[in-house]
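Letters A, B and C mark the chains as written, and numbering starts fresh at 1 in each.
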Amino acid sequence: MRPSRVVEAVLFASQTPLSAAELARAGEDLDEDAVEAAVAELRAEYEREGRAFGVFEVAGGWQILTRPEFAPVLERFDSVPANPRLSAPALETLAIVAYRQPVGRAEIEEIRGVGSGGVLKTLQERELVEVVGRGEGLGRPLLYGTTRRFLEHFGFRSTEDLPRPEELPVVLSRRNEDGRQDGAQAG
Amino acid sequence: MLQALPAAPQEQPDLYQVDLERFQGPLDLLLHLIRNQDVDIFDIPIARITQQFLAAIERVDRLELERAGEFLEMAAILVRIKAQMLFPRRTEDGEEEDPRAELVRRLLEYEHFREAAGHLEAAERERARRWTRGWVEVRPAPPLADAPLETGWDEVWDAVLRLAARDAEPPPGYRFGGRPVRMDEKMELVLAALQESRRVEFAALVSPWGTRMHAVVSLLACLELAKRSQVRVRQAAPFAPLWVYRRRAEEG
Amino acid sequence: MRPSRVVEAVLFASQTPLSAAELARAGEDLDEDAVEAAVAELRAEYEREGRAFGVFEVAGGWQILTRPEFAPVLERFDSVPANPRLSAPALETLAIVAYRQPVGRAEIEEIRGVGSGGVLKTLQERELVEVVGRGEGLGRPLLYGTTRRFLEHFGFRSTEDLPRPEELPVVLSRRNEDGRQDGAQAG
């Protein structure tokens, strides 16, 4: 195995930058000079091939990092993703939160029959849903409700304005006024 | 590590000295006893295997309660099969029923999945020899809240209706006069009443309204809840008072 | 910027596999076909240059991983943590979920002959298994299935990579040469 490839493997997989002395442990025939040479070789290759990454000196060691000129690419990659439409799971979860608020994650998952942590997070990041309190009981679960932005976006003045026609499903028609699992009061 | 098997295992009492901790459960132990003795799984010498199984779990008390129960349950199955072997039964079409059949099916099924687990382990081992990049630049994700949102209320409403479609039985709205008597409301009322006390008399559920329609819908609600295992309905004798009982959550 | 370098930058900056659709977000003029071509180009280049890493197809996407032959070197470094391995009960449970999904806890326990609630919970926490629905019948039991993370963990391209059930020999005779832990030994 070429020393430069051994060094490349270690630099790639290491969680921290590594110094020449540390990298020399990668092979019996490696010493600090050999490591220096290997790093120089990698640098020259990456440069020549126009790779998106390079070997950089960080905190007294080396690390393979994406070149700064690719920052806009990553930025674009990070920012384009958001689909302007909510996914079916997000819509379903939003509907449950809207009609049953304040409602805990367990209850949402109970109704949907699937794990809903991720989709709740998306809705929170979208600022359509927020934590509005904590429930009673084991672990005092977080309770979710809709936000002001939710009202603005869908054009409601308050959650009281949400349409409640007869075809509203049972699971949604029951409201938790007090945030407990079941509004339990026999008249 | 693989051990070569003793040539005549059945004569080696040491074979029974298995470390139960190393077995995932009774099926694992049983398979071990069968496969390590060149036994035909379709013709298990049940007396011998039972004896060995019992010997192996002799010190089962050292296991935690749940695990011990699992081994003892299998011991009971083995002992029962052993007894049934002495008195073969015939099925309706006159064929002799092998009391071991169900056990063999379970063992083969279990072995099948253990095999699959072995494949997973091999894949995992292979994958563990490759590494992702150890450190990745932390990039602050642009806030999702700034991204455009084109979803309209009609889409949310469609989701609401999908939830409705999933409701096991959409509650029929029984109308009485101008106001609907809804089964879901009645069901809720029954459940709410049962939060207060363990049981409630059916008549008490109806009396506040006292109309036939309320009575009918309340009864339907109770029956529906019983069907969903959320309540129990009891009547000691025909025309005796009807009682609705709470079921604990873990019951159903 | 060459499309292959744009794709390289994004692949390099991600610890999880990325699909063609995801990678296409990195450049304005990228579509899935262009991404395919870019990945093929990178693969060939890494191969030709004898890079310590390659582009591997995992979980419906691509991921840059070190090549297996560097494992002995990497294992020597503290800053390169060992890839986690699952316990035997976890693998067994996962095998059942993988082949029987969607499957409920009761069925898993029936097959294994032992309680499996704890193992299932661990697998869920590690995001290898998730609730995918609810079964019919009493209590409408939760049903489990495998996740994308499951494919990543085992380096599968898709669930198609699992050996087909009929390829698994249902062993009818003694087999004992597979390195399985052997419980029985004197002393």
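To be clear about the criterion, a residue touches a chain if its C-beta (ideal position, glycine included) is under 8 Å from a C-beta of that chain, and two chains touch if they have at least 3 such contacts.
From a predicted model like this one, the values you see are computed outputs, not experimental measurements.
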Innermost chain, taking as reference the mean of every protein Cα atom displayed: C
From chain A, the most remote chain by mean C-alpha position: B
Geometric centre distance via CA averages, chain B-chain A, whole Å: 33
Chain B-chain C separation of Cα centroids, rounded to whole Å: 27
Whole-Å gap separating chain A and chain C, where each centre is the average of the chain's CA atoms: 20
Per-residue overlap in chain A, given as positions that touch at least 2 other chains: 12-16, 66, 74
Chain B: positions in contact with at least two other chains: 131-134, 137, 139
Chain C-facing residues of chain B, complex: 1-3, 5, 12, 14-15, 17-20, 22-29, 32, 35-36, 38-39, 41-42, 66-67, 70, 74, 106, 108-121, 123-134, 136-137, 139, 229, 252
Residues of chain C touching chain A in the complex: 1-2, 5-6, 8-10, 12-13, 22, 25-28, 45, 49-53, 66-67, 69-70, 73-74, 76-77, 79-81, 124, 130-134, 140, 142
Touch list for chain C against partner chain B, complex: 12-16, 56, 63-68, 71, 74, 79-80, 82-83, 85-86, 88-89, 91-92, 94-96, 98-99, 111-115, 138-139, 153-156, 161-163, 165, 168-172, 174-187
Chain B residues touching chain A - in the complex, by the definition given at the top: 131-135, 137, 139, 141-145, 147-153, 155-164, 166-167, 170-171, 173, 180, 184, 187-189, 191-193, 195-196, 208
